[in-house]
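Next come two complexes built around chain A: one with chain B, the other with chain C.
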Partner chain A sequence: MPVTLRVKRAKRTKRAQRTKRAKGMKKIYIVVIFLLALVVTLIFATGMMGRPKPGVYIKKLKDSHYQLIANRKPYIVKGACYNPIPIGENHEYDWWSDPHTPWLRDGKLMQEMGVNTIRVYQPHENIEEVRRVIHDLYALYGIRTILGHWLGFWEYPCPFYSDKAFQDRIKKEVLEMVAAYKDEPGILLWILGNENNYSCWGRVNPWSDEEIDKEADPQKKNLLRAKIYYTFVNDLAREIHGVDPDHPVALGNGELVGLDIASKVCPDIDLVACIIYRGKTFGNLFQSLKATFDRPILLSEFGADSYDAYKNLEDQNMQAFFLESQWRQIYENLAKNKKGAGNCLGGTIFEWTDEWWKHNESDPKGYKIHNPEAGWSSGSYYFDIKAPGNMNMNEEHFGIVALSEELESGLNKRIPKKSYYVIREFWKNPNLNPKNKKGAKSR
Partner chain B sequence: MKKLLVVLLTLALVIPICALAQEQPKEFVVYADKNTRDNHYIPSGFMGDYGDVKINDQAMDNPQTGATCIQFVYTAKKSQGQGWAGVYWQNPPNNWGSKKGGFDLTGMTKLTFWARGVKGGEVIQKFMVGGIKGIYPDSAIVEIGPIELTDTWKEYTINLAGRDLSYINGGFGWVTTADLSPEGITFYLDDIKFEVDTTLKPEAKKQENIPFYVYADRSSTNNHFIPSGWMGDYGDLKYDGAAKEDPYLGDSCIKIIYTGQATQGARWAGIYWQNPANNWGAVDAGYDLSKATKLTFWARGEKGGERIEEFKVGGIMGEFSDSDTATIGPVILNKTWTQYAIDLKGKDMSYIIGGFCWATNVDVNPEGATFYLDEIKYE
Partner chain C sequence: MTKSKIQKSRQKNKFITIFLFLLVIAICHMPYAICQSYAQDNNKLFTLTKQIIEAKTNIELYVPFEELKNVYFKDNKYTEFVEFLKSLGQKKDRLEPFTNYYMALARYYQLKYLEETQNWDEYFNNGNTYRDEFVSAIQKTIDSTMFKEPLHLYAKLILWQFHKDQEDAFAESALLDLMNTTLGYAREEQNTKPIKDVADKLSSYGEKGKSKELYRIYVQKLIGSLKEDRELENIALEFYKEENLELSEALYDAYIERIAKTYPKEKSISILTDIVKLFSYKDESPNDAFYAEKIFEKIEDIGGKEAFTEELMYLRAFNLEKVKEHIKAKDIYIDLVKCYPLTTHADEADFKVGIIYTYVVRDVNSGKTYFEKLAQKENVSPQVVSGLYQLGLLNQWEEDLAKAKEYYDKLIERAKDDFQETVTLTKERLKEIDEAKPIEYNLKTFLDVSLKEEYMMLDMSKLDLKAQPYRTKKEDNVNITSQIYLAESGCFQVELQYLWSGHIGTTKPSSSKGTFDTKYLHSGTKEVNLVVVSPTGVVDRDIVMADVY
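On to the complex of A and B.
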């Protein structure tokens, strides 16, 4: 065969092979495009993309520091416990359905202060009303909601944490709450219980069962109760994670009491939400928790009242002094601060507005009086500890916003106290060294 | 005109230099001799069982220097039921912080004084400078003690270097207890003065050595903390820190009677051992007990079966709060001595005002409770 013919044939063969390869590639492209289209369609169909709900989770950093992440960004909880009971009403008042929408008035004030979270101890029964509040606060003011559940703590005669029927009923309520609100974009996390752990030590709402009663040693009785209670809370946390993987679950706890037991039976708890009233300092709370139960901590209830029970007069400076000091310690113990424990996620001040019904809930006349009598004693709040009987804690004066009897659009007028402004400035420019006014450091 | 300006300029330069060159006082006398003009404070602040204390500020019985010294007689009779007594030197007299008085002693770095007992062995729980509270509080409090006196004069020093002495109303003071001196004591003081000593350095907060006793025996100089924090139904309590009834170790133990009568209506009662007495966190005086890994104590009930709801260390919260707290309880006491331990591993014991505490209530002791404690110590 002449050389020219051989060359031509070879060229034809190569061309044919290229055409064949190109056709094969085309088929592959079509298949890939088809598959991609299928995946995208499936994603949209199942609602996995474009869903407004942000994921909230806890990130463990090096040095065992913890950070709360919401919307893929670090989130410091700058919050307040929220229970806007108007003057003249008591805790049974249904503010969720108040036609004057107190949460809108408060939400604006909160936003101006820098509050990004409210804590509600337990939602109202009406799901739509609760959703509306959570939605409004988040959509209008960017304020998230922490929802809690009392776990039957205030039921009469007492909680029966070892009783299966009681457990099942509480579990049903908790899971219904989670199912109802888990898809609300404003939800931040869940808190199970408040100071229920004290019931295990018989300090409040004591409970027992036949098995516990058989134990003669009172210390062991307490430990038995604690183990039962914390195991139950862990079961709840595990089941919540099953239906809602997008929000952390907190164990509500009075002080650190019992957390050594919780550390053994609560692997599914994501964080501890502690109720702490220790005056100007939290002491070694953060390090102590790290040593006892290595979980991040949210100060879910802390603060100071604004009434000097010794001098018998309003003292907003005293409240502001304590609150600023407490926030300074919270910030010192946030993640990435080398001086602190790095396990604090923030806090929710007790509380947003004063509640005028609290001193004596059996006296409806008192709901209209801003009672100056103290309800309990704590030496940690030392300015007025010399009050008669050392009774210095004025339960009706813990708000950082005062209520006036004057009405504005049907609501008691809100008057921010000094602490409102002091904390607002602290959040804007956290100064961790109070002696050095130039030492402010932004976060 | 030119000359006048030169003169004025020279004066303006020379006067301050002369003022600076004037020597700062090297000492500031609290007591030198009776009727000496140099004396600056008055021993007017009688505390605790003030009826048990007698003073003679012109004693001529072998003064350390000069013609007189001060003699104190403490009878330990508990005239006011306190179990302790002491005296503050104040300016003006009887000023418990209600009046502006005191002195600015900035620059002084120590207080020295001479002391002796009549027999030797007399125990003063502490000597102190400053610490008076009130509307015009002292700017510092510094203490030393307990100190066991000798029967010859001996000089003692309170290091004040680095302390804020800008306002000192309580120039000097002493306190002792009936437990430390159950038979009463007579002792002498002389030549009490603040001094400048540039070689002195501020005392670092030291970690206390272990064992650190809360209670060893009634008169032991090793005892720390005072059982002063009576809580709840304090009228239901009787405390005897020198009980002879079968002590676990040594010559005495603590006997506590709780009547359970709810005298104050609280239905519970307890006692905190504090430093100093009655310190609920208002005084910066915590011990650094970081070396301790546990607190141990021995306890027994008179009948057996007495129930103590809580034994505790730390937990006092105030302007100066304890750095941590640890508890055990409830504990049902045996009739025989039994040792108990409060685990302190992992606890922050770097600042402890409330050295020991117990509490119980009428619900678990309807007939009251009598119980004994001994050998309370940090280990």
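On to the complex of A and C.
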């Protein structure tokens, strides 16, 4: 065969092979594109079928660490309990409709301090007014609101948690509250009850029913009550989730009392909101909770008063000392801090402003007096425990902002106490073991 | 240059370095030298620094560093100490674990001092810095020392104290680490001082179980080096006098173990008797009634009941009564009267048995038997009168008023002009009978709660009533206190009522008071009763007996 012919044939063969290969590649491309399209479609379809992440939720990390997520960012609750009762008024005062809008004055002060959350024990009846407060605080100052419900704890007669009619009425109130405010962007979470669990142990607002009365063993009586109460709270939580999947539901609880029972009957509770007055620190609270009821914790009431009942004089330093120490421990136990329990979400200090009516609510004259008499005793607040009868807790002096009788635009002038500044500085630069600082960073 | 010349030159340089360093320190402390005390301190600082710089081994560093610390700490000059340590640490690498440890120690005590003196400006301005410095310095010490070194142990001890003081979440793991390190150290090392230091600190923080464990190890190591029993006893007594009862007990235990093997029965009992007298309950000196009872049991094991003299038996019963081991106390009081019918404590013992049977055991009939026994006695003692009062009272409560009146009348007849405290109470009861009124409210509540079936679940565990002193002279002050153990109620103050009754002396305590001071004008065994009531019902009851001579 001539050389030219051989070359031509070889070229033809190569071309044929190339064409064949190209055709094969084309098929592969089509398959790959098809598969990619399928995957994208599936991802899209799955996304469409599943819910987007809720606005506020709790993320469980490794080692049972928990983080509160709001708007897709970790959120440390740096809050205060808010009940701005003016001098001369008592708890019945409707501050929500106060034309002088105390929340605007306070919101600004809070923002300057670094407060990002307020806790309200129960909203007012007027939905529009409550919405306005929640909206104003969030829109103007970025402050979110935790709304709670007393669950009838202060009703007279005592709250009968085993009574069906009582349960139904409270459930209706709670669900109406959730329905009314769940779409407010400023809402952070719901807290059910406060220290209602103490009623199960018969020390405060005791209640009973026929079945409980039949039980002779006092300890078993308490357990029966606790089971009834916590089951009821869990029912509420489940129903709230049905109405509002966007916000976590907390069980308000005095100390850790009864949480061993709650752990068995409260699967629908997202977090525990504890009321703790243990002085300088919270002791082994965080680890204990982990062992008892593995849920994140919000310190929903803690703090110290600014009155030395022993020396009988105002002592703002004492309050600042306790509060700074308490915040340090809160930060040590936030998620991602290797040494802490990692189950703390933050806290709401008790409280924003002093309340002058609290010492003796049956005496209206006393509402205008900043009463120096203590209402209860706690040895953990040791500076003034030697006060007569060991009564050292001055209920009217728990605010981190004092009220003056002098009016400013119709409101009692706000005078931040030492703790306001000390905590502000702490939040700016939380002083922990340097190794742990990374874990503490957040909004 | 020759080799010897080089060596001489090096030595000279070293000397100059040390001299210059000491000179700098002396200059630093010049302002203080104005005062004589400061001059003395400076001399001491100079000497100690020299010792530290010239120390050839780490062992030689412990004493001068400790003394150095004392010089600064006595005037609370923590920051000055830290500055001094920083400059010292830079001079020699070998000193760094020590300078870091003492820097941490200084910051630890400085924070405490600022809190105690309420020096808030410095606390808030620098507290966080001090805390950081503490954590950083103590960690450096731990990292740069071996577990066999006492400094390693001390660093872990102060780290645990730091967390324990803050009651934070790390206290538990720090304690575990401290214990493991100390036990590891004890296994390897013969120097017992660090073990005792850790045990002492644990004990002072109330970690009794852990301190006991370490004291046991310390004692084992110590007795290995002691040949004479006497030496061991003396050391045990020394620690008792220092009020380190835990350690004293651990040493006495070792001593008792030794003598049990070698001494005859009588001698052992005599030694145990001396020990038990030390530890039995006394109002005025250190005691550990539970440890004393352990020794009483040992005496009984060795010599049986016959080994107990009248005084020893009374001591045992009294000791048990004071720690509220009522049932055991009652049995010993019964034995006392059985074994020594003529004992001077017979009336007191019978009365106390009657009280325990009636109000603790809730066995009224047995109680009455002992009160009746007293009532039958010819000689009138305070307890005979009180026994008659109790019989009258129990009959009055049982609504057998005629019988009650009979006992009360008999009491007044036998008391004549004496025993006025009991006579006054009796007259009050008689007035109630005459006017057909119920027993005074507080007393009746106590009787109801102690004797009625419906209060059976109240077992005196929620209330602890105490008298100080338990044994007193007429007209001396007695402090009666109560401690209540209630369920948590958070910031809700539970309003409690204190219903006091019985022989409460010259004071009439109000129902809002959980404590009061009183005096007794007449001798006898004075029973004080208390019932505590909360808004939801009776919390508990308790009874306490004070002996007035």
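We take it that the second predicted complex is superposed on the first by the 378 of 443 C-alpha atoms of A that agree within 3 Å, B and C clash if a C-alpha of one lies under 4 Å from a C-alpha of the other, contacts with A are read in each partner's own complex, and residues count from 1 in each chain.
Please note the rule applied: contacts are C-beta pairs under 8 Å (C-beta built on N, C-alpha and C of every residue); 3 or more make two chains touch, one makes a residue touch a chain.
Predicted model only: the values in this text are computed from it and were never measured.
When both complexes are superposed on chain A, chain B and chain C end up clashing with one another. Within the superposed three-chain model, A:341 lies in touch with chain C and out of touch with chain B [touch as defined at top]. Of the two partner chains placed by superposition, only chain C is touched by A:203; chain B is not.
In the overlay built on the shared chain, the residue A:291 is in contact with chain B alone; chain C does not reach it.
When the two structures are aligned on the shared chain, A:127 is found in touch with neither chain B nor chain C. More chain A residues lie in contact with C than with the other chain of the pair chain B and chain C. Residue contacts after overlaying the shared chain place A:58 against neither chain B nor chain C. Applying the stated contact rule after C-alpha superposition, one finds that A:218 touches each of chain B and chain C.
Looking at the shared chain after the overlay, A:379 reaches chain B, while chain C stays out of its contact range. In the superposed model, A:422 lies in contact with chain C only, and not with chain B. Only one of the stretches 315-323, 369-377 or 423-431 belonging to chain C has C-alpha atoms clashing with chain B in the superposition, and it is 315-323.
Within chain A, the residues touched by chain B in the first complex and by chain C in the second are 217-218, 278, 280-281, 283-284, 287, 378.
Remark: chain B residues 280-282, 307, 316-319, 321-324, 328-332, 346-348 touch chain A in the complex.
Listing the residues of chain C that touch chain A in their complex gives 115, 118, 120, 123-124, 127-128, 131-132, 135-136, 166-172, 457, 486-494, 534-536. Chain A meets chain B in the complex at residues 217-219, 222, 278-281, 283-284, 287-288, 291-292, 378-380, 382, 385.
By the touch rule above, chain A contacts chain C in their complex via residues 195, 198, 201-204, 206, 216-218, 254-255, 257, 275, 277-278, 280-284, 286-287, 317-318, 320-321, 324-325, 329, 332-333, 339-341, 375-378, 383, 393, 395, 418, 422, 431, 433-434.
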